[in-house]
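One chain, subunit A, appears in both complexes that follow, with subunit B as partner in the first and subunit C in the second.
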Partner chain A sequence: MKKLINDPDDVVSEALLGIDAAHPELRVDHAQKVIYRAEPTRRGKVAIVSGGGSGHEPLHGGFVGLGMLDAACAGEVFTSPVPDQILAATQEVDGGAGVLHLVKNYTGDVMNFEMAAEMAAAAADVEVVSVVTDDDVAVQDSLYTAGRRGVGVTVLVEKIAGAAAEEGRDLAEVARVATEVNARGRSMGVALTPCTVPAAGKPGFTLADDEIEIGIGIHGEPGRRRAKLGTAKETAALLVDPILEDMPLDRGTRVIAFLNGLGGTPLIEQYLMYHEVSTLLEGRGIEIARSLVGSYITSLEMAGVTLTLLEVDDAMLSLWDAPVSTPGLRWGV
Partner chain B sequence: MTDALSLEQLRAWVDGFAASVKEHREELTELDSAIGDADHGSNMDRGLRAVGEALEAKPPADAAALFTTVGMTLVSKVGGASGPLFGTFFMRVGQALKGVDAVDVAALTAALEAGTEGVVARGKAEAGDKTMYDALAPAVAALREAGAASPGEALAAAASAARAGAEATVPLQARKGRASYLGERSIGHQDPGATSVALLLEAAAAAGGGARAT
Partner chain C sequence: MKKLINDPDDVVSEALLGIDAAHPELRVDHAQKVIYRAEPTRRGKVAIVSGGGSGHEPLHGGFVGLGMLDAACAGEVFTSPVPDQILAATQEVDGGAGVLHLVKNYTGDVMNFEMAAEMAAAAADVEVVSVVTDDDVAVQDSLYTAGRRGVGVTVLVEKIAGAAAEEGRDLAEVARVATEVNARGRSMGVALTPCTVPAAGKPGFTLADDEIEIGIGIHGEPGRRRAKLGTAKETAALLVDPILEDMPLDRGTRVIAFLNGLGGTPLIEQYLMYHEVSTLLEGRGIEIARSLVGSYITSLEMAGVTLTLLEVDDAMLSLWDAPVSTPGLRWGV
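Up next, the complex of A and B:
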């Protein structure tokens, strides 16, 4: 393991010290490991709390700020946060209009957020609605799996639902927007290399030099099958085809195309892949209304990319275009 | 009072479980890296270390307080799926032992049944899903069948059943948790959560004076 760390046990707490130091517009509760906006929630604004295991930066802490999240709870690396953290964040950011929990569909995240929501209802008298993201088409959604994983669409949900909350919409409406974004978004990923959880000290799985893992999850958990590494053009088809098989899009459909780096893939390759993906989409008559290219939901130093396609209408686009000011995404301000 | 476990023995059970997880930390992580995300050993070890600190800071007055503290600490410290599942298990065990004077085989059986029900309610697992339930359910059944045996003998039988249950997860295809994403590729690996349950019951058998099962 070759990492810029002091002690594997201190990785999350020391990274939070850095976030605190780098971003005066944020406030970090180091005891609870929660990142907040420096300003308290505007009275009457729905607050949005997300969180998850660390190692996916900038998700979620890097999306705290105007137009996105009000708080992000940081778990240990690749381990969901605990109910105490989520409850503390929920009570802290409630501005009287209720709190939306945005949760990626992973067994641990769902259980811990569920326990926190039960505690908030019982002890804190805060209205909580949860929306679970599950956009990963690599997973068969059946009785025999934990269901689709929540991956790339989570970034888009945080942005779009965040804009709806900022506009002053009520909790039911913000939750409806989040649910709709999740329902219209699909993702697929591919890994070229594994990644190493600091506490484990070695890679979670191994891949030969010429091998890729198709349908990778964002925690280094293996995907569904392996294949030989092909060209970027061939790899782009491995991402686009399963998404469009799962969610057929008519010619003329408008989408947000989000090409995401998993941490170890340089931007030059991400743009090269974006070109291949956009060419494939144009070939099918799909109109890319907006794009996002970069490493926004990562898996430590894993090399690879994920593609998320979100079918959008004017209403969703106007929320996408609304001002946002966070360490990870910033425009219109 | 040979047919009931003392508070010291119950505490030794918890301490023994913590020591056993620490000892098998790498093995648990290894099992988890095969079908999960390689953190089960380190997370359980971290949580049980916190349990030890909590019990030192405020020694529990009775069995109910002991297991409630264990459960709440695991929920607060572990995260992932293991935190809520093992945490809920111990909290339910603690609740079931509230007001119980003698922790005999009947009380233990009722408490572990309650704990197991809590795990099912939280995780919605069924038999054969390749989860910790596949070790817990046979352990509880063995306790129930042990009837009039001493706690040590009953727990030894439960430990054997839990170990066999954990080993029987090897040929199963996972239907819950991250392992389920692997589909058929999850076959051939032992479930880490079920393995931790085997360690838990083996620690109970050791603390209860029964023979260690492995």
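Up next, the complex of A and C:
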């Protein structure tokens, strides 16, 4: 294992020290491993809490800030945060208008966020609504999931629901927006190399020199199948086709196209892949209204990419375009 | 070689197609491989042109936009752009106030930018001033360089000189600012793994499983020495110490600390390393006035990080904080 770390057990807590030092606009509770905006929640604004296992940075901590999250709970690498963390965050950020939990669909996350929501309601009379993302078309159930896995759409949900909350919409409406984004989004990924969880010390799986895993999960969970690495054009089709089989889009449909690097794939390859994806979509008459290219939901140093397509209308685009100011995503401010 | 590409010969031109498709705020001349702002240069504004070999993304193309570059010339991977490209960019962006060339100190880049500057002066009466960055303290001469290599400070020069140009300062003054930033900045890097130039098809060097290259160049050029990979704390000292030996900083000095990922190192490790670096600086009484953590000047998929320290005063900080809107760096807009 070749990593810039000290003790594998301290990776998350030490990375949080770095985030704290680098971002005066954030506040980190190191005991609870929760990242907050430096400013408390505006009275009457719905607060949004997300979180999950670490190792997917900038998700979620990098999306705390104006127009996105109010708090992010960091679990150990690829391990759900515990209910106490989520409860602390939920109580801390409540501005009297309730709290939305955004949860990626993994068994541990769903269970722990649910427990925290119940504790928050009982202990502090905080109203919590949860929205679970499950956009990965690759597999139905998987190593850590009943149903589909929550992957790339989570970034888009955090942005768009975050904008709705910032506008002052109420909890039911912010949750409706989040649910709608998840329902209209689909993702598919491919891995070229595995990644190594620090505490494990060795790669989670192996791939031959010419082999890729199609439908990879963001923890290295198996996808649909393995295949020989082909051209970028061929690989792009392996991402676009399953998404459009699952969610057929009429000609003229507008989408946000999100081409995401998994951590070890450089930007030059991500842009090259984005070109192939956009060409395929154009060929099917699908209009890319907005795009996002970069490493936003990662799997440590895994090489590979994921594609997320989100069907959008004017209302959703207006929320997408709204100001956002976080370490990972920033515009309009 | 395991890369998301089609033909190795087409990597740069196809990545440019992706950049063009993803960024309506940019305009790409695909014949010349130059990335421009979509809007022409404001009359009377000094224009800034940079460029270099590809494979360092988001540098330089990702820094074209308000408050940074007016154009970026993309060479083949790790290969200087040719004079014709640079000449075309220089003529295109001149807004009547002259053009600043920002050039990383590599023999090919310096020569080709120089030739383009002469051609621009002769052919089109465009006034060009060049500033060469050479901030890498690792080695004096190297594989592609007479003198020191230009590395991380280039990002900071592009930002700060870009802000000076946006303010309407004249060419001599913008060049003075760029020169000052370079003079006050120092960098040092470390690699954990090599990278593979697509056209070469194999890694540029090899490292043992427990070995690092201290003082690596952004093209994989040899550094000072190889060593066993130690803890993050030890590695941070290998970056901080040579910089401060080269540029002693008094207690109370303010710096911009730029911890940069080389492409294959995930953000969680970058933040962990930033914590170690900031702790070391704090111990020496150096105040981090601003920080930047992320993969901004990369070496394809190389794992490793570089550290750049820039001594700043209020004037420089104000230029750093000024609005910037590019794919790679964005705030205040």
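The working rule: the second predicted complex is superposed on the first by the 328 of 333 C-alpha atoms of A that agree within 3 Å, B and C clash if a C-alpha of one lies under 4 Å from a C-alpha of the other, contacts with A are read in each partner's own complex, and residues count from 1 in each chain.
The working rule: a contact is a pair of C-beta atoms (placed from the backbone, for glycine too) under 8 Å apart; a residue touches a chain by one contact, two chains touch by 3 or more.
Please read all numbers here as calculations on a predicted model, not as lab measurements.
Novice: Once the structures are superposed on A, label A:Gln32 by its partner contacts, choosing first (subunit B), second (subunit C), both or neither.
Specialist: A:Gln32 sits against neither subunit B nor subunit C.
Novice: With the two complexes superposed on chain A, say which partner A:Asn182 touches: subunit B (first), subunit C (second), both, or neither.
Specialist: A:Asn182: touches no partner chain.
Novice: Scan A:Thr154 for contacts with subunit B and subunit C and give back first, second, both or neither.
Specialist: Neither: A:Thr154 stays clear of subunit B and subunit C.
Novice: With both complexes superposed on chain A, which partner does A:Thr133 reach: first (subunit B), second (subunit C), both or neither?
Specialist: In the superposed model, A:Thr133 contacts neither subunit B nor subunit C.
Novice: Report for A:Asp209: first if it touches subunit B alone, second if subunit C alone, otherwise both or neither.
Specialist: second
Novice: Who wins on subunit A residues touched, subunit B or subunit C?
Specialist: Touched residues of subunit A are more numerous for C.
Novice: Does the superposition put A:Arg224 against subunit B (first), subunit C (second), both, or neither?
Specialist: After superposition on chain A, A:Arg224 lies in contact with subunit B alone.
Novice: Show which residues of subunit A both subunit B and subunit C reach, each in its own complex.
Specialist: 77
Novice: For subunit B, which residues count as touching subunit A in their complex?
Specialist: Going by the criterion above, the answer is residues 29, 33, 36-39, 42-43, 46, 75-85, 122-123, 173, 175-178, 180-183, 185.
Novice: Which of the residues in subunit A come into contact with subunit B in the complex?
Specialist: 53, 75-84, 106-108, 111-112, 114-115, 138-140, 143-146, 149, 197, 199-200, 204-205, 217, 219-224
Novice: Which part of subunit C faces subunit A closely enough to touch in the complex?
Specialist: These residues of subunit C touch subunit A: 2-6, 11-12, 14-19, 21-22, 54-55, 57-58, 62, 77, 192-193, 209-210, 229, 231-233, 235, 259, 263-276, 278, 288, 291, 293, 295, 298, 300-301, 303, 305, 325, 330-333.
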